[in-house]
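Note that the chains take the letters A, B, C and D in the order they are written out, and that residue 1 is the start of every chain.
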């Protein structure tokens, strides 16, 4: 009975205060759209930086006179390290072929054995490159260990920066979206302050007044969130899933799993719904004191 | 006289409708803050991509037996091309020194003359690399022309993408900010619809009613814009001007000229002011028809 | 001054508020509109201020056909037709002084005039000491008197008053009626809707009685009711 | 039923609206509050519904000291004190039916009761055919009658009416007074502020006269005014 009353009350108010409903829904939609956009961007940046870091490798150049045993032992030892994901042996010959593909003019003066054999190490976490390199340095059969040095450090710094920036952006947008939505709800309730006073004077309890307002706030926020989700997903589908055609190198960055998209959608709906409920409840407070 | 009336009316209303003033100012501030942030980001991306493209060069490798005349003629001809900004001659010796700095192990087997002399061409616009390369190809004394090929094309694509994305973001945020501000103003005016009706019934002309409301909207928008500008500039100063200490490579990207910052500030104030004025004027329209 | 020719007013939903009303009020007249609740008194007054437009028929005020009055002229009409609204219609964010002053500011009166006339007129309606109150800090009757003061502060040609004494005690009502009478004597046409028996009977002015939107009685020097 | 002991009410700005008022209204009484505009009638009624709190002194309603009534109990008090407000206080976004129904929904009456009682009560105040109108589609007197209907739809213990006939013609007023009388006969205490001479004089009930916030007359079977 009560539920029915609250429900019909909510629907009626949404309909009869159409201007406010539209304003609230569109503000929520716009705010969450921006939040969703940054979220997607964040996933892309994360993806991209991870991708870059996956390409970081430690190269262990072996001594010309390293024995097969030494090489073997080194390889097994390295592959046991927890930081190491994968170790590949690159023979002198393979190194020469790669080099001559890159620098054909220079290769003419060289032979297979001019280039040293090496171990190529892929890491689980690019940040550990230096540490791994230090540990291998000086092992029997090892000539020199290279891990990109400054370049890698710089890449890692850039990645850290990018991640921080996108994280900061999404936090800022979360706060901004909440602030904008709360503001709109506050104004919408302010426009109806007289009504609230009258209800109280007629004997309505705070909850009796609050529930329909909160449901209205929730509804407006959820519809706004739904619009934002549809636009984000639609935009993703339209633009992002087509970009790889033009920019094939973007493919790995853009290939969102439906899990990730659902998380973003969930975030938008969650933030919207929460702010809608809490915002209307808080905004009501000062007008309920009659 | 009239001016004085409108002014005192505006100030009074801002003060007496404090809740709405605060809501409007904060919505404007938040919206423009986001817009300003994206604008700064846009400048950074532009800066960065320009920086990258400035590093694109066309390398003209000269034949081992090219005469000094041929070389000289080629260099003058190339430097006359409108697309070309700068041409440097790199002798065999210089090339060898550079190479041996990069690959010390390999350099041991080589001599000065193993590497060809070349012309290094800096371009005004990286997009013209391929065209310039094609034109030089086959000129007397030229062995081979290289301009990075696919890598450059890809870089240019990435740059174009980055620029498009930031442009799209700033357009979207411009629309979003305008929408959010207009929404808030609409609700604030809606809350005072009765007042407007009364003024009309007492014989006020539309302009007499409109001007104070528009001034209120303008004021709220400008204060909001000012807050946004202060935060953007302050944030820039605090964060961005300190980042280069940690990330020296970011320095060129982050070193904004005061002209650029003024442009961003101007944009925020302009968008805020315009939307404030137009928004209140438009929102009033339907309530003025009494 | 006011002329209605075959005026019909239907509100949306086929509610007939005025049914074929024709009447004329000449300059300087004092007319009471009486009739039961919902008979169309306020609707009639709203036609005169062009707050509502007739569904059919013509309304003339001060010689102008309101039907063909361009939208932008309406404010100028309203400055010549002071109005005391049944629900007061005070601006909630303005003080008593500012509410009344608004009527003068609208017509561009200089500040000095406003500063002089507003306290005067508020004194007349007995609110000389409540200039700085906001409407929600006044009693019902006090609000009504502010509305009265605002309606004639700019000396309109016509004064239209919708139950201006509905929230007033008899003594204060008499004071207000004296005021209206004085204003009327200076040449202002006064049209007043009222339920107040005593006032109508004591003033003996023209009485227009409405019933279901029709004029059922038009009597000069009339009394409030015959059958009531 | 209602008891005031040494009640003083000052509004902000040192405005004394009630000055040391002590009085008692017993169950089933019918009391008129009279007095000039601004004498404190509405303020007195607002104390009874706890819309305002006294500056000093105690107010007891239905045996409870309102000063020590916890905030969350106030709605339950108000359900026992039906109130006709001087400015009606109708919900603008609800129809006539819904406005009156609200008084029943608040106390959790089932829909069937609402559907039966609301049209009945609206019929009684003469609005049986205007159930679906919104307040701004009603005349002033019709709005007032909706407010009256809402005030007693849930059969409160006490009915507090602030000039419930101010916007009504004499005939309709008489109808409303008959209704109040009938309600009073069923045991409901009625306190009514009014300016209507005729009504007070014809009913001859207890009259409390206020002047400048003081009770200057308390007369059973009184008339409206002596000096006025």
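By definition in this document, a contact is a pair of C-beta atoms (placed from the backbone, for glycine too) under 8 Å apart; a residue touches a chain by one contact, two chains touch by 3 or more.
This structure is a prediction, so every number in the text was calculated from the model and none was measured.
**Q** Quick one: which chains contact subunit C and subunit D both?
**A** Per touch definition, common to subunit C and subunit D: zero chains.
**Q** Measuring centre to centre, with centres taken as mean CA positions, what chain is farthest from subunit D?
**A** Between subunit D and every other chain, the largest centroid distance is to B.
**Q** Roughly how far is subunit A from subunit B, going centre to centre by Cα mean, in whole Å?
**A** Each chain reduced to its C-alpha mean, subunit A and subunit B end up 24 Å apart.
**Q** Between subunit A and subunit C, what's the gap in Å when you average each chain's C-alpha atoms?
**A** Distance between chain centres, rounded to whole Å: 66 Å.
**Q** How many angstrom lie between the CA centroids of subunit B and subunit C, rounded to a whole number?
**A** 62
**Q** Name the residues of subunit C that each touch 2 or more other chains.
**A** none
**Q** Among the residues of subunit A, pick out those that touch two or more other chains and give their numbers.
**A** In subunit A, nothing touches at least two other chains.
**Q** Would you identify the shape of the chain contact graph, picking one of line, ring, star, complete or other?
**A** Topology of touching chains reads as a ring, each chain with two neighbours.
**Q** Which pairs of chains touch one another in this structure?
**A** Every pair of chains in contact is listed here: A-B, A-D, B-C, C-D.
**Q** Which of the residues in subunit A end up touching subunit B in this complex?
**A** Listed in rising order, the residues of subunit A that touch subunit B are 19-20, 23, 26-27, 30-31, 33-34, 37, 99, 105-106, 109-110, 114-116, 154, 157-158, 161, 169, 172-173, 176, 179-180, 183-184, 186-188, 190-191, 243, 246-247, 249-250.
**Q** Any idea which subunit B residues touch subunit C in the complex?
**A** Residue list for subunit B touching subunit C: 1-2, 4-5, 12-13, 16-17, 192, 194-195, 197-206, 208, 290.
**Q** Which residues of subunit C touch subunit D in their complex?
**A** Answer in residue numbers: 11, 13, 15, 34-38, 41-43, 86-87, 126, 137-142, 145, 162-163, 166-173, 195, 197-198, 224-225, 228.
**Q** Report the residues of subunit C in contact with subunit B in the complex, numbered from low to high.
**A** 49, 51, 72, 74-79, 83, 85, 89-93, 102-103, 105-108, 110-111, 150
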